[in-house]
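These notes concern the structure reproduced below.
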Amino acid sequence: MLVPGKEKLERMRDGRVVYIGSERVDDVTRHPAFRHGAQTIAALFDFKAEAAHRDLLSFEENGERYGLYWLRCRTREDLTRRMRALKALADSTYGLMGRSPDHVAGTVTGLAMNPAVLESLHPGFGENLTRYYDYARREDLYLSYAVTPPSGIRSRELFPGQQRDEPSLQVTAEDDTGVTLSGMKMLATGAVFADEIWVGNLTAIDANRLKESITCAVPVNAPGVSLWAREPYERHVRHEADYPLSYRYDETDSVFVCNNVKVPWERVFLHNNGTMSRQIYIDTPANCYANHQSNVRFWAKMGLIVGLASRMVEANGLDRIPAVRDTLGRLAALEATIGGLVNGQIEAYEEWPRGFACPNRRIMYATLNWCQEHHTEIIDVLRTLAGGLPLQMPASIDVLTEPTLADQFGRWWSTPSIEATRRLKLYKLVWDLIGSEFAGRHMLYEKFYAGHSVIVRNQSDREAPWGRFHAIVDDLIARIETPAVG
Amino acid sequence: MLVPGKEKLERMRDGRVVYIGSERVDDVTRHPAFRHGAQTIAALFDFKAEAAHRDLLSFEENGERYGLYWLRCRTREDLTRRMRALKALADSTYGLMGRSPDHVAGTVTGLAMNPAVLESLHPGFGENLTRYYDYARREDLYLSYAVTPPSGIRSRELFPGQQRDEPSLQVTAEDDTGVTLSGMKMLATGAVFADEIWVGNLTAIDANRLKESITCAVPVNAPGVSLWAREPYERHVRHEADYPLSYRYDETDSVFVCNNVKVPWERVFLHNNGTMSRQIYIDTPANCYANHQSNVRFWAKMGLIVGLASRMVEANGLDRIPAVRDTLGRLAALEATIGGLVNGQIEAYEEWPRGFACPNRRIMYATLNWCQEHHTEIIDVLRTLAGGLPLQMPASIDVLTEPTLADQFGRWWSTPSIEATRRLKLYKLVWDLIGSEFAGRHMLYEKFYAGHSVIVRNQSDREAPWGRFHAIVDDLIARIETPAVG
Amino acid sequence: MLVPGKEKLERMRDGRVVYIGSERVDDVTRHPAFRHGAQTIAALFDFKAEAAHRDLLSFEENGERYGLYWLRCRTREDLTRRMRALKALADSTYGLMGRSPDHVAGTVTGLAMNPAVLESLHPGFGENLTRYYDYARREDLYLSYAVTPPSGIRSRELFPGQQRDEPSLQVTAEDDTGVTLSGMKMLATGAVFADEIWVGNLTAIDANRLKESITCAVPVNAPGVSLWAREPYERHVRHEADYPLSYRYDETDSVFVCNNVKVPWERVFLHNNGTMSRQIYIDTPANCYANHQSNVRFWAKMGLIVGLASRMVEANGLDRIPAVRDTLGRLAALEATIGGLVNGQIEAYEEWPRGFACPNRRIMYATLNWCQEHHTEIIDVLRTLAGGLPLQMPASIDVLTEPTLADQFGRWWSTPSIEATRRLKLYKLVWDLIGSEFAGRHMLYEKFYAGHSVIVRNQSDREAPWGRFHAIVDDLIARIETPAVG
Amino acid sequence: MLVPGKEKLERMRDGRVVYIGSERVDDVTRHPAFRHGAQTIAALFDFKAEAAHRDLLSFEENGERYGLYWLRCRTREDLTRRMRALKALADSTYGLMGRSPDHVAGTVTGLAMNPAVLESLHPGFGENLTRYYDYARREDLYLSYAVTPPSGIRSRELFPGQQRDEPSLQVTAEDDTGVTLSGMKMLATGAVFADEIWVGNLTAIDANRLKESITCAVPVNAPGVSLWAREPYERHVRHEADYPLSYRYDETDSVFVCNNVKVPWERVFLHNNGTMSRQIYIDTPANCYANHQSNVRFWAKMGLIVGLASRMVEANGLDRIPAVRDTLGRLAALEATIGGLVNGQIEAYEEWPRGFACPNRRIMYATLNWCQEHHTEIIDVLRTLAGGLPLQMPASIDVLTEPTLADQFGRWWSTPSIEATRRLKLYKLVWDLIGSEFAGRHMLYEKFYAGHSVIVRNQSDREAPWGRFHAIVDDLIARIETPAVG
């Protein structure tokens, strides 16, 4: 089923509990803090459901049509096709929505390529997963996830013996019907717009933290669930032109809070196994499928960045200065770098698990590392190209509504290269990528969405063929002659 | 005269014309976009006027007491004393106010150490300057400046022959009483709170742009003057705790717009000389005194940054991890680096112009370069230490106003190291330095307040003793033996 | 024909004129400055000629067998196959030979995929190229090139009117039989071991420098040709273990000097056309095929670097320290990055020119840029991991030849992780990659082999789809609503 | 006493045991691997002894004249004077000699400012130190030091239980006359030219490694001492012009090996105290005085680097290109940065210990950090400016000895800006700073002479006024209002 945007918006009006500070949000589709974000999500569903995009964005299996990001790839061609769908979706939101519906779908699809991993831990749980995968893609669900314990918890180990209420989400009771959850998980991006939340652990937890290993799916409006949103950036924008990205592309982040939330067994996929609660994403293509989407999304964002850099220096009449062209050439090279890395994952794809195709894992992790290492600097290049100009624009496009100001603005803010209103829109757009709070959140997000750099590099360490690398050195050394004693 | 803060606030209520987009601001001291900023400026005046700070922050000359930043230093001790005053003022605003009253005062004081430079260009103008210096320090004026032409103008040369209304501020008429100005100058930081605006050119303009060379002082409320502010960051903050820095330390930036503004001759310091309109700051200690203040201010900001980094990792229980301590050690080293550079300017001070003392210019420019090269990275270190935590706090401290939410917040957002409310304040504070729009503006400001890096490095190139550097190489080469032919 | 190494060595004994300073080298295969380098080249030919490597390293066309780097690819599979051959060759020399026989072969092969480009400039020259391509691959020639004018020449334009002997290689005479060349070209890497030198211009020259545009092939032993070598690093190595890389992998660089060298017309491919003398490599796959080899070679080098880093920290017992593992993980990620970029060029290959397949040009240039941007830093990581250890080894492995020293060395230089002699070899190997003169030359080579970064980025600028990037921004801006005046 | 160079050379001919691999060096002043280095040291003594440099380089105390680096400063003026002496000495060797006689002299002088630290650990040892200080300065000794245990030793803790011969230098016996030492210490820089070796621990060792804590002074020619040199870079240089820096400025590094070396008690300064064996340098100005010299030396080196950069681009006719000038401006700024940091240490000097003056420790450690963070990049800037030119010079200046080659070289290697021979010398000089093995050793040395960056930053962490930094944050937070519940 390919759900149209209108229906997706309906689904968001399901009584979900969302707080902005102390304010309870009634309806995210109408609230000034969320409504345009909701529409952006809805637009993604419309985009996918459109007949013209049928081949690009969906596939058929057993007579049913599904979003292409649910495809369990079996060939290189499948991977190429899936990647193109991810790219088209990311392009449509300029790579600004990190946890768009194709992200967690990748996680679940990856698990569904090898449900035996779950089944072997607990009979029935693998089947639960397969059923959930079928259900989610059939219903065209938008899944978000909450997969990190609250920070500061590790200090418990450092300062043992202190009693305190335990905020980590965990199973507090279980019975024949299912488990009961209480506690919180960090930063369910997109959750206020999603249908369900995937709960689990993407980072390693202590093997003995059994109760916290729970891995399951929870509808956003489940009784006891509340979402504590960080400041929504859309909220104070009065004119789209003033903050064009904040206005539409704030995917939102929320702390996922559970107070005695009941989850039936059929939605439980792992229980009482701290180590495996993270390992399942590594032992299946789950982690790779999800982060491959992140790679593709970053690529889409680079398109916007490179385009903006060029349009901006044109607007300023600086685009023929050699040092500026050098910078533009470099940015274009970086766009091709991330594109090359995405393509390289497909060329060097792995036949894994048996019968399936997975983007090359080492290259995928290397791409994560590349993105993480370069985002701050790339945005800083944009900042340097922008100069003080974003701050030289009037505070709001509403200057146009006052004839005297509008006249003066039109005459004095125009340049030989660009007319004042377009110039304002251009620099406000740039500002929303380099200076606004929306931009500030992206600076943090790109640094941490896949975990701290230590985690990202650890993935590359883990997957590295050290034996092969060592053999290079050992063979070289073995050939070196040793002079005889005496 | 040392004006108390209350009187400073009064001075701001002088009918000045300020726009936020299309909104005309009536009274900056009461408007929600500016009032706390205004109070911060007032507090600086109170701080200076306080009897306890008499020796620290002011000096006496001919029986009159002046703010210490008006001191024309004659000895190393004077420089040390002046630097300590600048540091105390910057510390009191955490180095977040770039154009506090001590900045442009440095420019004018520097000119007043060698008014002959102006006098030689046009008899009487040097005297104008000396009188203005006396007046400004006696009245304890807060001067801001507008010293950059609007961007995009240079494209006029690239695309010649196009007709358009000329937005660069220039003299459009002159008569016996003075000159008439129209056009705009970029980015009068702090202007909405200032008493007067220094108009001139800190960057080179074409020698033949005579009318734009005008250098003069204009009261902020002069008829025909308007300030077009960029978005004020204080405006949407409902609770200080949510954005503690935006709330108080937005010094504001405005485009300075003149429509037939009359300036009497006694306030004109240079006219009809494109080249010298910038050179006067180089040929006198003006540029050095002003930017020495920037160096000292950055030093103060580093104190906040280093303290925050440490408190933040303590809050998270990470402060004993070796890699984290390494980062803290490095940040402490960077704080000592900027401190060392400020001190080095004094140890290696120049007796220039004759009879006066000036911070070492090469070291001062090197310090500007150091700040410009490192700010982005330093903030990024803070970002990396922060992790996702700032986004995991509730949107607002107003959660405390709802008992149920307050209870849950208090229990679950506390950690063994830190209680929830203090933790929220701490991370909101961090966010205001790394992620908010206030932070975003600082990222740009620190990159450009002293001009693009090309300009900053050009100053170092200009002041470098190339002859001495070349001699090192030449002497070395001269000593190398050349084998004989054949 | 696949020439065995022994025959390749014979070919080097052809009377070629090579100078090391004032010393005339008689026979590069026997001279202590070149003999092991010569054997390394010979080993590459043996490797290719070996029956076991038939499929890996060669292909058949019209019943003749050729080195695979001469393959004009028509499909993705061809590109994959060719890439694997390049990788195997580069692996066998640890990526340390930049201009191994597969590099310039790529240039000529690229030209041979579209000889019409040359033919259209001058009838017959395209045919010359095709014939030369057939000849070179049939004879299994090792081609080097000399394609950069001597530095400092551009100053002629800056200081016009000065008379001096013109060192730029150019045509000084021409007649029915061919052209006469005099002057020098820069830095024919590998030339002392090669069979022929490709002469031309890889960087842009003035359109009006007609005589310098000459593009032709010259046998290394042609009368009038001499090679002025830079210091050969192999020369002072007494024991392989002391400088294991200098000993075998110094590919050498020489200034290519011509004194009235005659070149027959059939070896001339372009004449009297400054602009096109560079453009031909861009208008055909020549530049891409050659630099694709450079990308692959860098990938091979990364294997050695990553392996060394790991073995080195194991030897020092530091391999379990988290910060060290983080560095190793990062290095492994970088190895996968370059691997991903090479693979990405194939996945996104271009059908260009019609009927042929070319690695994706934008990704190839992006890869060049990546290598250039990262090499210094990668080696510096290795340096940091090495610490002072390379300098703590005895000056030479010959300590083993003195029983007393050997005994003490064996006891005191061993560690619990590694025995003294192996340790010495390991750290001498590391030193040869980070500290020896061989290493120093690599630091420069990796920065400049594809031209200054300005050139490399200009290639990315030139190939960038600016229209597509602009459309992203324009579409976004076009959608932003403008409020009405009044 | 100020010893002239000739006598210094005599002192080196004292039967000291030096090995280059298996080769026993008879006389370092005559051996081709060391003779010019020895002369460079001798020249430093001559420079100091010269009457004209009396005030600059020496001071008088109780009627005796001493090298100025032995001065225990009591005032800011003393510090300024001492710094100028260090600068003059460093300038005379272009900052290339890290452990020139003024380095370890700083350590001993620092200890002599507070001998009570030693005396309190063991009565008599403080007096030993004072006597040794008097002796060393009176005899104008050149002290080197060996203060790091051999690497790989820490792995003993990681792999406990393995038996092996213990290479760490330690006390193996003691009696009434003194202690007996066996084992090795790392990297006695300059030792082959020095008079005595200071043995101790500059890095922390385990508190329970009592025997290794021994801190004492050993004459280089003491029976049982041998120096195992790393490859000497001077050895293969046939013409000064080919490697102008290797030729004269290789200060050499050696492993310091003891086989039953007897040290009398009066030369012992600490014994049986692992923790304090490092702490004594921190609890006295020893570490600061020694590393202040390192800061000053780096400053001198920057002078050479900046001069070379400028001369090099002039030679190539590139010095008027804006991007190149930007780089030169930046290099000049960096030179002023290190100069500013050195001066800042004096302006902010500490009165410590009571009655004495010490350069500001935090700034001194920050300067170490600055040097360590920037050296690699600075040299890489030089490399980028150099381009391929150093490799385009003939292998040796001996081309001048062959008339035909000399003629061609003179004509073709000259440019309008610079004549061929001078050009060769210039680029060989550059190469010796960026590419030769001498350069490679400097790349490592500047990274590690003060310890791994972890150690350098730890010093800054240790000295940081965390209380003051925390107070900044705490005060700010304390002021933030908290809204009331309900």
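Think of it as A, B, C and D in the order they're written, each chain with its own count starting at 1.
Just so we're on the same page, contacts are C-beta pairs under 8 Å (C-beta built on N, C-alpha and C of every residue); 3 or more make two chains touch, one makes a residue touch a chain.
Owing to the predicted nature of the structure, the values given are computational and were not obtained by experimental measurement.
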Result of counting contacting C-beta pairs for B-C and C-D, higher pair: C-D
Chain at maximum distance from chain B, centres defined as averaged CA atoms: C
Interface residue identity across copies chain A, chain C - same or different by half: same
Inter-centroid spacing, chain D versus chain C (mean Cα positions, whole Å): 38
Whole-Å separation of chain centres (CA-atom averages), chain B against chain C: 50
Shared-contact residues (touching 2 or more other chains) in chain C: 322, 397-398, 400-402, 453
Chain A-touching residues of chain C, taken from the complex the two chains share: 80, 91, 94, 239-241, 244, 303-304, 306-308, 310-311, 322, 325-326, 328-330, 332-337, 339-348, 360, 362-363, 365-367, 369-370, 397-398, 400-403, 406, 421-422, 425-426, 429, 453-454, 456-464, 466, 468-474, 476-477, 480-486
Chain A to chain D touching residues, read off their complex: 322-323
Residue ranges of chain D touching chain C (in the complex, touch as defined): 19-23, 148, 150-156, 158-159, 162, 164-165, 167, 183-184, 186-187, 228-232, 236, 242, 253, 255, 257, 315-318, 320, 376, 380, 383-384, 386-402, 405, 408, 411-418, 423, 431, 434-437, 439-441, 443-444, 447-448, 452-453
